[in-house]
Amino acid sequence: MADHTAHRVDWTDPALQARLRKRNRKQRWLRGLGLTAIGLAFLVLFILIATLVSSGFRAFTQTHVTISVHYDPELMNEADPGRGNFRALMPQVMAQYFPEASDAELRNLTAILSNGAQFMVRDRVVANPALIGQTVSLRVPVSDPYDQLHKGLIDRETPERIRRLNDAQIAAFDRLDQAGMISAPLNWALLLNADSRFPELAGLRGALIGSFYALMVCFLLSFPIGIGAAIYLEEFAPRNRISDLIEVNINNLAAVPSVVFGLLALAVFLGWFGMPRSAPFVGGMTLALMTLPTIIIATRAALKAVPPSIREAALGVGASKQQVVFQHVLPLAMPGILTGTIIGLAQALGETAPLLLIGMNAFITAAPGSPFEPSTALPTQIFIWADSPERGFVSRTSAAILVLLTFLVAMNALAIFLRSKFERRW
Amino acid sequence: AAARDQIRIVGSSTVFPYTQAVAEEFSNQTGAPSPIVESTGTGGGMQIFCAGIGEQHPDITGASRAMKASEFELCQQNGVTDISEAMIGYDGLSLAVSNANDFAWDLTLEEIFLALAAEVPVDGEWVANPYRQWSEINENLPATEILVMGPPPTSGTRDAFVELAMHAGCKTLDYVEQGGFDSAWINENCSRMRTDGPFVEAGENDNLIVQRLQADPNAMGIFGYSFLYENLDTLKGVNIGGVEPDLDTIADFSYPIARPLYFYVKNAHRGVIPNLQEFVEEYMSDEALAAGGYLSERGLVALSDEDRAALQDAVLSGASFQPE
Amino acid sequence: MTYFAFLLLFAAALFGYALNLRAARHIRDGGQRLHSLGGFHGGYAFLLVLVPCFILLVLWIALQNGVVDRLVMAGLPEGALAGTNPALILSEIRSLAGGRVFGTPEPWKIEAAERMTTLRAQATNLMFVVVTALALALLVLSRRSVSADFRARQGVERIVLGLMIFCSVVAVFTTIGIILALVFETWRFFQMVPVTEFLFGTRWEPQIPIRADQIAAEGAFGWIPVLLGTLVITFVALFIAVPIGLMSAIYLNEFASRRFRKIAKPVLEILAGVPTVVYGFFAILVVAPAIRSLGAQLGLPIAPNTALAAGSVMGIMLIPFISSFADDALSAVPRSLRDGALALGATRAETVLNVLFPAAIPGIVGGVLLAVSRAIGETMIVVMAAGLMARMTINPLDSVTTITVQIVTLLIGDTSFDSPKTLAAFALGFMLFIVTLCINVAALRIVRKYRELYD
Amino acid sequence: MNDMRILERQVENNEIKISARDVQVYYGATHAIKDVAIDIRDKMVTAFIGPSGCGKSTFLRTLNRMNDTIDIARVEGRIELDGQDIYDPKVDPVQLRARVGMVFQKPNPFPKSIYDNVAYGPRIHGLARNKAELDEIVESSLRRAALWNEAKDRLLQPGTGLSGGQQQRLCIARAIATRPEVLLMDEPCSALDPIATAQVEELIDDLRSQFSVVIVTHSMQQAARVSQRTAFFHLGNLVEYGETGQIFTNPRDPRTESYISGRIG
Amino acid sequence: MNDMRILERQVENNEIKISARDVQVYYGATHAIKDVAIDIRDKMVTAFIGPSGCGKSTFLRTLNRMNDTIDIARVEGRIELDGQDIYDPKVDPVQLRARVGMVFQKPNPFPKSIYDNVAYGPRIHGLARNKAELDEIVESSLRRAALWNEAKDRLLQPGTGLSGGQQQRLCIARAIATRPEVLLMDEPCSALDPIATAQVEELIDDLRSQFSVVIVTHSMQQAARVSQRTAFFHLGNLVEYGETGQIFTNPRDPRTESYISGRIG
């Protein structure tokens, strides 16, 4: 046999050279494709966020008007200031600025103020009954159409017939503006108020607290149970058909659509156990069921990744199986477990469908005081606002999404931070 | 379970905004704990409402249709025997297009039917709807694609639209008038919306339809009047038979698509669930219900004064409801 | 009060821990060799006291009010219940007991409310007594167990193992729960609609009348078009996600600098975490109109709810699933294989495509299949952006509907709840469960089959 | 380089520490150890040699029941430690492993500090009553493993930061800190360079004064240098077992001879 | 066992294949190779020895630019292959690696069939015009790697199914199938048992007739047995380089002497 290896390859051969160039070209192509793919993904993310910001940033300010209120003792009940007729007070307030207006016109002008203004006025005097008979200056939100006007969302050029505000209303508002009574401070109400029918009063407080409770419950249940189950299945359970079945089953749970978890919660938690509807506690339990498989899968993967040499070392000095797991394997698996947990929780934070089925898409104008009181969650609040006719909710929906995304990014950042912190230890 | 001190309300997504408004007003006025209002859909609401008596069951359900006999049956079985019905007013449906569409739309119910029905008469034959462009129905209409976004069959809005617009339009067709068909035939043949594209079932979220109309000048949408009202600067109503949709035309039914809205109260819960009676009173008050009340500000078409008085009497006294 | 009970219990358990620890130390200092560490003797006492008492407490709290209610109701005067609903009277009594009085309740109600208050107080006291007694008994028991050759470690480990088994059982019960909840309603559905019609029917029009007097066209429940729609959207999603995901993974793994990779990977993962509602809006308000206007320029008729919009947005959501999984899988290929190929004079492209990729196939397949499951089960995007009409089409330009969309619209509609329509939702949910189960079994098989190719 | 000190060494006749009879090990269906019978003496170094895959590691791991951790492994026969059957169900494998320590081929320190590495065993077995005692155990173990001088200033630094040879000595220190009666070492020098190897070999020679040591090695020189008795395994059988000098100079079995005389080191 | 055939071997004066001057390698801030200058001759086996971590592998990998794949590695200095600077930007590392093949410490066959493993290099480089030629290349490579007899009946079975020694020979066959001019081997025998080691050593001796071979080893006996020239590295420096016989019998540098005379194999 001719031993081919005896000859050396002539690398200057033009055919070989051409081939080499072609191969390098192919490599550049692959690289270009990869870069394009990542670029595309980033672009989409950018567009997504840019869209949200461009429609949502306006909700971060709210137009206010500074009014001075005279607490007319005639309209008050000094013994119980909360009972006064504050609705009737509002036209009086407007009359200061539009002395020439008729009563009917005044009622119309009162619409510049938010419907919540009367209650702010009331709360002020309830807090301090000494105010009766005095005059106080208060900054109250304007109602939604005027807020839109001030933000330039109502085009003054559109024909009056189809404009949301007519010429007279705009003129009245402009008069207040010229009097320097209009301002547009940061819209803290968006975070501090609970839900309301009125965009200018609506806020995420209830949803934030509800989401927080639900997430806490979800974490407190799914984290220990998930880790416990994963440790048992990975380290202690005998390997046989049943454990195979359980593995498939848990992988499958991770893929079960979230609505189905909602159906389960509806049937079991609400139906059999008679738990209250709309409670963040129940929401948290539902989300925990959903998060559980994610945590189990991540934990098992992390446990698997711990090198067997560590286990052998510990067993070799006479540690028991559980000592090995809890003292050596688990700490080493922690970064992976934490990443999985936080990813699972991030998904839970953004999950809507199962919460719809257990009634967490309710309209509640008070923030919950405990995990057992009814409330909404961020995603369901977004869902509700998105379906509200008032124009102000359009930008508030985007703003709420941005708030949610901020939490999400914060959680991801926490995951990365924890991960690198645990990893850097040795 | 701890005793409940909030009112719980479920039911139709159409009644939802009105109940929201009353709930917020009520809680602001009285300082009572805020009622919990959930939008579950009429059917889902009935199911939960009729599940039983007691704290774990809701007190009120809203409905965009009257309670069905079968649902009433369910209520009876579960001990919910004493219910009051309140028909609070009408919800106007409106057809609308984007302002960017410069045609002055004015359709007859017949044209609406011809555009949207699954089967229509063509040359004396009852056939699958062949029309793709408005101009094929009437040459005075623009030669643009028919594209109407509306509610899905699971929604009460759809049901109302079929009954009020489609059936009415169907009945005025020459073919039907001359054919002398009975109402069973009409129910069977005039109820189906076309599924070949021009009619798009756009989901329950009316705001989405609004935004899609704004994006697509050729599309027409069917949704609650309050959404049109809020967006008058970008949308315009489609006249029907020369009538423009607004609060007045809907209230006097000259704009022909409006449907009644209801809510149902468990009388057994009155006096047991704190504030329930007071809440119903607020709902029934003139401030809320009357024309010019705060519900009509949100687009509810109010009842006439006599009807309202009768309603207030009946509901506040807790008159018991029996389905026909 | 209940918080206090839990606190007390915890304190008792801690006390047991300290007690046993001291006893064990004492024995050891006496010169005997302990079988188990003192900490285990302590831990044994801790768990032995905590676990049973905790279970007892939780059960007690869960059952107490029910029992008290029974007792109160049983103690009502004769005839008080006649003609009224007991549940309502009960809740009225509860209201009264809670201090909320409306109108003027009958005296026997007030009496019952008082009885309820005292019974509750008694029950709570009894609970304290019982739990304390049990805790004491267990304390004594565990204290007496302390001896040089008592196998406390084994005892503790058995309890801990039991707790872990309990955790696994929770996961298993979730599935059983899902199956039961679905199967029961599915069964009822199939009593109304024949199985064959459901499985092989090609029309899905669940337009059962909403009011009895209103007869719409009869409902048709053939799930094939719904399944087809699901598949079309899934396919579109994968068509976007798989190439972009894989290419990103290859770039990150092979060409990107470490710093870029460190930043790019988590940024990509944000895509997977964005709430799906947001994607829904994005699909319907940004992507769909864009696709439509593009189609109009090309002269293609594109439905407003085109499957392309929902599918491609879903694909974007799935990119990180595939890119992260594939990247992990590629990184898991031993460095020696990569070195082996490079040392032969393979280009990086050849190394990835010929050597790393085949070796990483199991991991990549795992990621893709997870993405498929997600795509099939994804709800909010399609609820907002996909159509509702089920049509026998595989044209992605058309509007299609999916299983999850149908489930949600059937459940949140205005239909009455026991009609075939709502039951159909459960049947669809059940089918969905089976479909994803099949996919996962297939995934496990594939992974098993290709695993251990290298090592 | 040639090292033939074997004959100089005196082989004491110590008592039997481990006695194995009829030992069979199966991995699933494969029969990895066949009919092995061996007596391992106290205070002596016993070397296991043999070609790759012959079952040296497998047999070594039967001696402290590390095979229990391999699902498919099954052990038959009787192995006695000081006359007690270690596969008796009453025997706690955890305690057994405390008595029969093990050092692995690849150094595997815990990702903890050097101190904690060594103190781990004494801690879980409760060998020290207080911190001072524990400190003492750690120090003496490290001293015996010839690591004290290098490690004493960095006791609280991670054990994984040591060099390969140091890590292996750390593992040895960890193993002897629990005061085992038998020390099993599976190719303890294969990852080490010659200098580290020399240190470990010295250590083994030293340990013999207190423990019974069993060492698996591929290097016949090493076996010759450190062991008093040598066992030659082949295809799962114990082919020959005897005094190291005799095995290397005068093997009885032809297989042993051909393995040893392979011109390889 | 003692093997001192070094003096018998005749060292031819072949031409210089690789010449390195002033080579520095940095891993980030650590300076792993310092000022190394060496000439490696054609048709000869050159051994690199030295304690662990002294930079043998690092330097070996500079010779075919495998260090390029390590992000933090940086190479300075001049390395010429047949007079051409291999770090010249114009040089394509892909082609370079085809000319300078490498075999690694741990056998790393691709998870493909034995045939595909060997055929992979010739395929990507286009060294065979047709299937028949490729078959021939595969066969002759396997023959030279002394694997043909064991593998010829299972060419289509996965290469990962072979035993350790067979896998290592497969990797050698794979490396020689691209007809490299230089073959770098990084501790090719450390994973092997004595018998497989002997086979690989024979092979190396045989390969020398055509290639320039560079081998890294921890075993001085091995270096003595197979190489004609030996380079001793210490802490990143090339301490001594010369004929193997001279290095082992008469080292010039005290460090070399103390390393070699460590009583270790």
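In this document, chain identifiers A, B, C, D and E correspond to the written order of the chains, with residue numbering beginning at 1 in each.
Please note the rule applied: a residue touches a chain if its C-beta (ideal position, glycine included) is under 8 Å from a C-beta of that chain, and two chains touch if they have at least 3 such contacts.
Given the structure is predicted, the values throughout are model-derived calculations rather than measurements.
*Asks:* Show which chains lie in contact with subunit A and also with subunit B.
*Replies:* In this structure, the chains that contact subunit B and also subunit A are C.
*Asks:* Where the centre means the average of the CA atoms, what chain is farthest from subunit C?
*Replies:* E
*Asks:* Find the two chains joined by the most C-beta pairs in contact, please.
*Replies:* The largest set of C-beta contacts joins the chains A-C.
*Asks:* If I average the Cα coordinates per chain and compare with the overall Cα mean, which chain comes out closest?
*Replies:* Smallest offset from the overall C-alpha mean is found for C.
*Asks:* Just how far, in Å, is the C-alpha centre of subunit E from the one of subunit A?
*Replies:* About 59 Å separates the centre of subunit A from that of subunit E.
*Asks:* Using the average of all C-alpha atoms in each chain as its centre, how far is it in Å between subunit D and subunit E?
*Replies:* Here the centre of subunit E sits 34 Å away from the centre of subunit D.
*Asks:* Cα centroid separation between subunit C and subunit E, in whole Å?
*Replies:* Their C-alpha centroids are separated by 55 Å.
*Asks:* Among all residues of subunit E, which ones touch two or more of the remaining chains?
*Replies:* Those would be 94-95, 98-99, 124-125, 178.
*Asks:* Can you pull out the residues of subunit B that are in contact with at least two other chains?
*Replies:* Subunit B, residues with two or more chain partners: 1, 40, 204-205, 208.
*Asks:* Where in subunit C do residues touch two or more other chains at once?
*Replies:* Residues 153, 347, 350, 383, 411-412.
*Asks:* Under the stated touch criterion, can you name all the chain pairs that qualify?
*Replies:* Final set of chain pairs in contact is A-B, A-C, A-D, A-E, B-C, C-D, C-E, D-E.
*Asks:* Taking the complex as given, what residues does subunit E use to touch subunit D?
*Replies:* 1-3, 51-53, 163-165, 190, 192-198, 218-222, 259, 262-265
*Asks:* Looking at the complex, which residues from subunit C come into contact with subunit E?
*Replies:* Interface residues on subunit C, with respect to subunit E: 257-258, 334, 336-347, 350, 354-355, 358-359, 453-455.
*Asks:* Under the definition above, what is the set of subunit C residues touching subunit D in their complex?
*Replies:* 28-29, 34-38, 151, 153-154
*Asks:* Would you tell me which residues of subunit A are touching subunit D in their complex?
*Replies:* Residues 239, 307, 309-320, 323, 327-328, 332, 425-426 of subunit A touch subunit D in their complex.
*Asks:* In their shared complex, at which residues does subunit A touch subunit C?
*Replies:* The contact residues of subunit A facing subunit C are 23-24, 26-27, 29-31, 33-38, 40-42, 44-45, 47-48, 51-52, 224-229, 231-233, 236-237, 244, 246-261, 263-264, 267-268, 289, 292-293, 296, 320-322, 343, 346-347, 349-353, 356-357, 379, 382-383, 386, 397, 401, 404-405, 408-409, 411-413, 416.
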